[in-house]
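Multiple structures follow.
Below are two complexes that have chain A in common, paired first with chain B and then with chain C.
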Partner chain A sequence: MARIGVFICHCGHNIASAVAVEEVVKFARTLPDVVYSDHNLYSCSEEGLGSIKKSIEENKLDRVVVAACTPRTHEPLFRRLCEQAGINKYLFEFVNIREHCSWIHAKEPNAATEKAKKLVAMGVSKAALLEPQVESESGVIPTAVVIGGGLAGLTAAASLVAQDIDTHLIEMEGKLGGQLNDISILAPNFEKSADLLNKLVSELKKSERGHIHLGAKLVDVKGFVGNFEITVEEEGVQNKIPAGAIILATGTQEHQPEGEYGFRKAPGVVTQLEFERALQRGEVPKRVVFIQCVGSRQPGREYCSRICCNTSLKNALRVVEAGGTAAIIHRDIMSYGAAWEELYRQASERGVAFFRYSLEDKPRISAENKHILVEVFDDNLGEGVTLHTDLVVLATPLVSRDDSGDVSRMLKVPRDKNGFYLEAHVKLRPIEFATDGVFICGSARWPSSAREVMCQALAAAAKAAIPIKRGKVVTEAITAWSDPDKCAGCGNCVIACPYEAIEIVDQDGRKIAKVNETQCKGCGNCVAACPNDAMQQRGFTTRQLSAMIDALVKRALEESS
Partner chain B sequence: MTSKVVVVGGGIAGIQAALDLGDMGYEVHLVERTPSIGGRMAQLDKTFPTNDCSLCILSPKMISCAGHENIKLHTYSEIESADGGFPKTRVRIREKARYVILSRCTGCGDCIAKCPVKVTFEFEEGLSKRKAVYLPFPQAVPRKVTIDAEHCRMITEGKCGVCKKVCQAGAIDYEQKDSFVDLEAGAVVIATGFDLADASALRQYGLGTCKDVITSLQLERILSAAGPTGGRLTRPSDDTEPKKLAFVQCVGSRDSRMFKYCSSVCCMYATKESILVREHVPDIESTIFYMDMRATGKGFQEFVLRAERSYGVRYIRSRPAEVQPASDGRGVLVTYDTGGGIGEQRTEKFDLLVLCPALVPSKGTSEIARILGVELDENGFIMTPDTRNPIDSTKKGVLVCGFAGEPMDIPDSVAQATGVAARVAELLQEAR
Partner chain C sequence: MSDFNPTILAFCCNWCSYAGADLAGVSRLQMPPNVHVVRVMCSASVKGEYILKAISQGVDGVLVLGCHIGDCHYMTGNHRTAKRIPVVQKLLKDVGFDERRVRLDWVSAAEGEKFQRVITEFVEEIKGLGPNPVREVMS
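Moving on, here comes the complex of A and B:
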């Protein structure tokens, strides 16, 4: 027999003004297994907590029900109190009679009191069936793996080694730096990108903690937070790297125009990255026209790739600085923030010409002698303009890498509809995946400036360092488990699970679902998806939920009779 | 000994920095000037481009901060002084008297109900009144009341004392004094966020002279179910539902007479608000006057297209020249150039006009920069000149995240704030 204590809170007037608290206390005393019930002006005040603790000890309570406000803010407090009084914190049940009762029925005190009784009866019936749970801990391999040796990966790896963490940097190419190698000058400060690259590489190389793998192909990733195993192929040999956390920094690639504006048909039409390489070789044409949004912000690829306008502003200024002329044909200039807007201002002041076209009336290109003619209908002027130029630079968007699908499958991390990796929450968890222990930074998530890439890389390094520094991961106690006798191995739960925590395994010659409790977050999706009642969730078992419904029905019948 | 880190500013950037630093094992002191953490994000109704309820996603982080074993909250507090430097900066925090004993206050609100003094409510952007004893918003962390000494009759005149009488927890203390906390910080993080520029300074836009001109943050509060109108969208002049609404972008920003930079977030929040108003007034027509539609983040361009196609939002590339009250005082007349060649001038009537003012470094930014000895850039943001270390200020061990450094949206602020934790760890490792 359980020994349940029920504590009803007045919450000042918040609950007591609608609910007859003392009547609910009396009612609670009549419920099965309840050996004690009392009320507090504020259960959460020091006085309230002290009196509950004393009651637990004096009455040898083994389960506690508090009917008060919301578990969202107050459950941790009462769970801690239970622990202090020697009761497993999962033997605590919270009943919300404020948000769910007194506040919404403020003008119906009788009905509110009756509803509070029902809610308390339900809570008590569940509490009687609660079981103690343990939050298990598992160790963390004190090593991080960074996939991708461009600016994002290098910055993340440099940060990790500076934090004294063993770090393996996996780069598929023969040298580090990624796209930074193709760009000689970084906007908005016009610094040499080689200086930044050399600085990062030397920081990484001089640390004993840094392990660089060049020409290394990612083959497989197994495991979960704290305990991953990454298989990498180098010079035909496969090596396994154990790691506690993984950072994905695989970057992006430049979209290749699909024949627009005479690309690859006529000379003098190049992509922005090709132009960067030309500038690197010191080839600066006299006259350059940049066309923005080539292959983006139009049906088929609707997104804006964020960095292209600013890159064109930078390169137009370089042409002008070298004594040439430059024009940018755009739809909107995306120089967001302070530094980029300043770059736009500088470009305007230095004589870079700007023409605005619309999606319905794109610029047209033709050749004439040794010039290229660009005709554009400028929205600002309201008339057509013809520009003579030596070179046309097509600013195409950054797109997801061709191999990102493979990497996504290996790491079991999702991508968005454009193929970029999909973070756990676009607003508040930009660096994380729903899968613990795997983090994302740089343009593999979304096209970003060098500065943004570095900030994100630092963030990924922080997130990866946290479990490693703590040395342990605590797993959720409220997890799901599957009853092998009832499981038919249909796999519905595998599809429903957003955390890749369930797999179908062979057991005694048949297929059944198995939950990896380290990965399970206790969301309950699998329980709802299971057609055989095989999947159960700790703290929310079918038996416990049925008992709550029974208690509700019983009370409703008592009320009506 | 555990190193201490002081985080200045309890908005989303400061909260995230505190959480990640706390998770790394540092003893974090999160210092917030107002009575609750939450910052600007707590004032927003929803967030772009997913239209997530802002407080619903922020509140769990606020609660995590309060419950975190390594985070100490200093709300209604300011940095008094900072001496010495990395890695041992002596920081003095002034915890202002809130005339409430925090350990006793349960936030029940009985005192608020009985307080007779009504003053302008900052959190509601002046759209409603609060009492002299108040909670800034229902989800405040800590959920403890504060007595505004400037307006409390007991404190100013020695008469009243109602709150003390009704407080059953015995939490009111009219004699409370400011107190100080001194500590030695390994690193300091500036996350002081932004304010709205005073749009009434640009007289052509009519804020303060036309009743039906409001700011975008006021609209956020009006749209919020917990806001001053309970989520009912009406215009100030006659409390009726507006049917025709317009937004003006770049009010004071991208303007060499005021703030020359772009505030980064206005194009998107105006788009969001133009979608949200339709949930309040289904047949409302929205127009956005803009210069360049900067939809550069993930899902942003698609969001703009959705506003245009599914919600009929009209985007007009033009900077209105003049706003005047309509002749009957209801609604406004907006004069703008239609663009395209020798622009035709047009005057159109709108029921309600929403200004999107420049977002500027928050009021305390220059003061905190002075106390900590870091430089500001030409726009008044904390300067971060080192390309290799993009969140380092000009002083070693003083880091920056979020809007205090430059205009940016919430995900970028969150990423930077998390990045701060790594940079602090690097610096303190090096100092060992």
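Moving on, here comes the complex of A and C:
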């Protein structure tokens, strides 16, 4: 018999204003295996944690259920508390009665209280079946691989070598720098990008920890955190690089607006990056018109590419600086952040003209002698305007690279619907993937300014250094295992596993499935694929989940009778 | 059956739909109190047996919510879910249940409002279908 303690949190008024907390405490005491139940004003406070710990010790509890907020933020805290009180941290179950109950049924206190009881009953029934787990540990190869030698990859690699970590930088082109090579000046501070590039490259080259691979093609990635093997092809020869962590910094590409605004048909219509190259060659036209949001924020590609407004502000100022005139035709100017807002103010003050168009009425371009005519209906003026110009710059969005699908399959990392790589959590784990040991930075994740790219790259390098410096990795014990007595060796789980973590092995003359727990990410796909109930996931066993269903049914019947 | 108060089970994946449900909570989006969420790591870990078990024991409706196709944190898990749930629905239909008692939908971590809509619509739908016929046998 388990000895379960149930702790219901008031969360101040957050839970208690809808859920009758003390009634739920009384109800919890009636549940099987529950030997103690209490409530706390704030379970996560020092006082709350102390009182739970004391109750665990006094009542010799061996399972703990906390009904409070969401496990996605607070589970680690209560698991740690269990450990401190001498209970295996996997003997803890979290019940969410705030986000999933009191907050969404704020005006129905009776129904919210009844629902909280059901959720607690479900949690308790699962808790009774929880088992202590041991987290597995494995070693880490003290080497990092950075894929992509643009600003993101260079910054990350330079930071890693500065931390005395052997780092291989894989660049597919013949030279380092990526898109930075096409851009001469970086806003908002107007620093020379070549200076930045040279500084990073020399830092990397002068360190004996840095290993640069140019013209290198990524062929294959195998393994798991601490123990990856990256296959790279250079000059027709394939080399295998063992590594403990990988940083993905493959960057992005500029959208080519085929057929829009006479692009590639009429002379004098270029993309922003083509204009950057022209500026680099010292070609500054007298009159330039920028058109924003070309191919973005419209059906088919809804996102805002973030960097285009700022880039146009920068380049419009450069045109003005050289004695020319510039106009920016936009749908909204998104100069986010203080430094960029200042750039917008400067551009306005120095005579850059701003016109606002709508998606339904895009600007029109025509040629007249040696001029280009741009006609736009300005939403703010409420009338049409005709501009004479020498050059039209189309500010197109950054889009995911054509090869991002291949790389995503090799690294087993997800992409979003736009093809950008998808981080583990946008706020809590922004530069990590759900796949341990693989990190993401730069515009491969989302269009970012040079400053943002560098911040992300430094963060990714710091994160990647953690397993390498620690020398060991711990896997959360939510991994799968196969019961050899039930397994028929059919291999359905092998096919279902997205991580190639399961293999069929010979054991005592018959074939059974075996899970490599360091490689297992705990998705449970194999569990549902198993026809024999042999495959189980720790913390989510079929018995545990079935018990939750039983508890819900039981309570619902009690309620209706 | 205006006083019918359905009991509904929802399996939500940890990464998208559970987070979407959390966001609905944080945003204080109000919805009917009939749905009880079970957190799983991936929608594709939900065995068909769980759904059959729940429905055969009298649960009025089962929701399976996962990440949008293409957004699965385990890359391709939800593709398996998308194949599995229609099979479960057909099985239920073959033995005389209304297959609308089981619904598959996608809710991202950013879609608190969609979570609210899916819950509200599903509760309405189940109310329209009436109690799970098994309930009469059981009570």
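To be clear about the criterion, the second predicted complex is superposed on the first by the 357 of 561 C-alpha atoms of A that agree within 3 Å, B and C clash if a C-alpha of one lies under 4 Å from a C-alpha of the other, contacts with A are read in each partner's own complex, and residues count from 1 in each chain.
Here is the rule we go by: a residue touches a chain if its C-beta (ideal position, glycine included) is under 8 Å from a C-beta of that chain, and two chains touch if they have at least 3 such contacts.
Given the structure is predicted, the values throughout are model-derived calculations rather than measurements.
*Asks:* First (chain B), second (chain C), both or neither: which does A:Gly524 touch?
*Replies:* second
*Asks:* Figure out whether A:Phe263 sits in contact with chain B (first) or chain C (second), or with both, or with neither.
*Replies:* neither
*Asks:* I'd like to know which partner A:Phe540 touches here: chain B for first, chain C for second, both or neither.
*Replies:* Once the two structures are laid over each other on A, A:Phe540 reaches chain C alone.
*Asks:* Examine A:Met122 and indicate which partner it touches, taking first as chain B and second as chain C; both and neither are also allowed.
*Replies:* second
*Asks:* Identify the partner contact of A:Glu302: answer first if only chain B is touched, second if only chain C is, both if each is, neither if none is.
*Replies:* first
*Asks:* In the overlaid three-chain picture, which partner chain does A:His100 touch, first (chain B) or second (chain C), both, or neither?
*Replies:* Second partner only.
*Asks:* Just checking: does A:Glu452 make contact with chain B only, chain C only, both, or neither of them? Give me first, second, both or neither.
*Replies:* It touches chain B, and chain C stays clear.
*Asks:* Scan A:Val426 for contacts with chain B and chain C and give back first, second, both or neither.
*Replies:* Both partners, chain B and chain C.
*Asks:* Report for A:Arg72: first if it touches chain B alone, second if chain C alone, otherwise both or neither.
*Replies:* In the superposed model, A:Arg72 contacts both chain B and chain C.
*Asks:* Both chain B and chain C contact which residues of chain A?
*Replies:* Touching chain B and chain C on chain A: residues 72, 416, 425-426.
*Asks:* Which residues of chain A touch chain C in the complex?
*Replies:* 70-72, 96, 98-101, 103-108, 111-112, 114-115, 118-119, 122, 408, 412-417, 422, 424-426, 434, 478, 496, 498-499, 521-525, 527-529, 537, 540, 542, 545-546, 548-550, 552-553, 556-557, 560-561
*Asks:* Inside the complex, what are the residues of chain B that reach chain A?
*Replies:* Per the touch definition, chain B meets chain A at residues 12, 16, 20, 23-25, 47, 49-50, 52, 57-61, 63, 67, 103-104, 106, 108-110, 113, 143, 168-169, 254, 260-262, 264, 292-302, 305, 317, 339-342, 377, 379, 381, 387-388, 390-391, 406-408, 410-412, 414-423, 425-426, 429-430.
*Asks:* With touch defined as at the start, can you tell me which chain C residues reach chain A in the complex?
*Replies:* 5, 7, 9, 14-15, 18-19, 21-22, 24-26, 28-31, 33, 36-42, 44-50, 53-54, 57-59, 68, 70-77, 80, 84, 109-110, 116, 135, 138-139
*Asks:* Which of the residues in chain A come into contact with chain B in the complex?
*Replies:* 11-14, 41-42, 44-46, 72-73, 76, 159, 162-164, 186, 189, 191, 196, 199-200, 297, 302-304, 306, 332-342, 345, 379-383, 416, 420, 425-431, 445-446, 450-452, 454-459, 461-463, 465-466, 469-470
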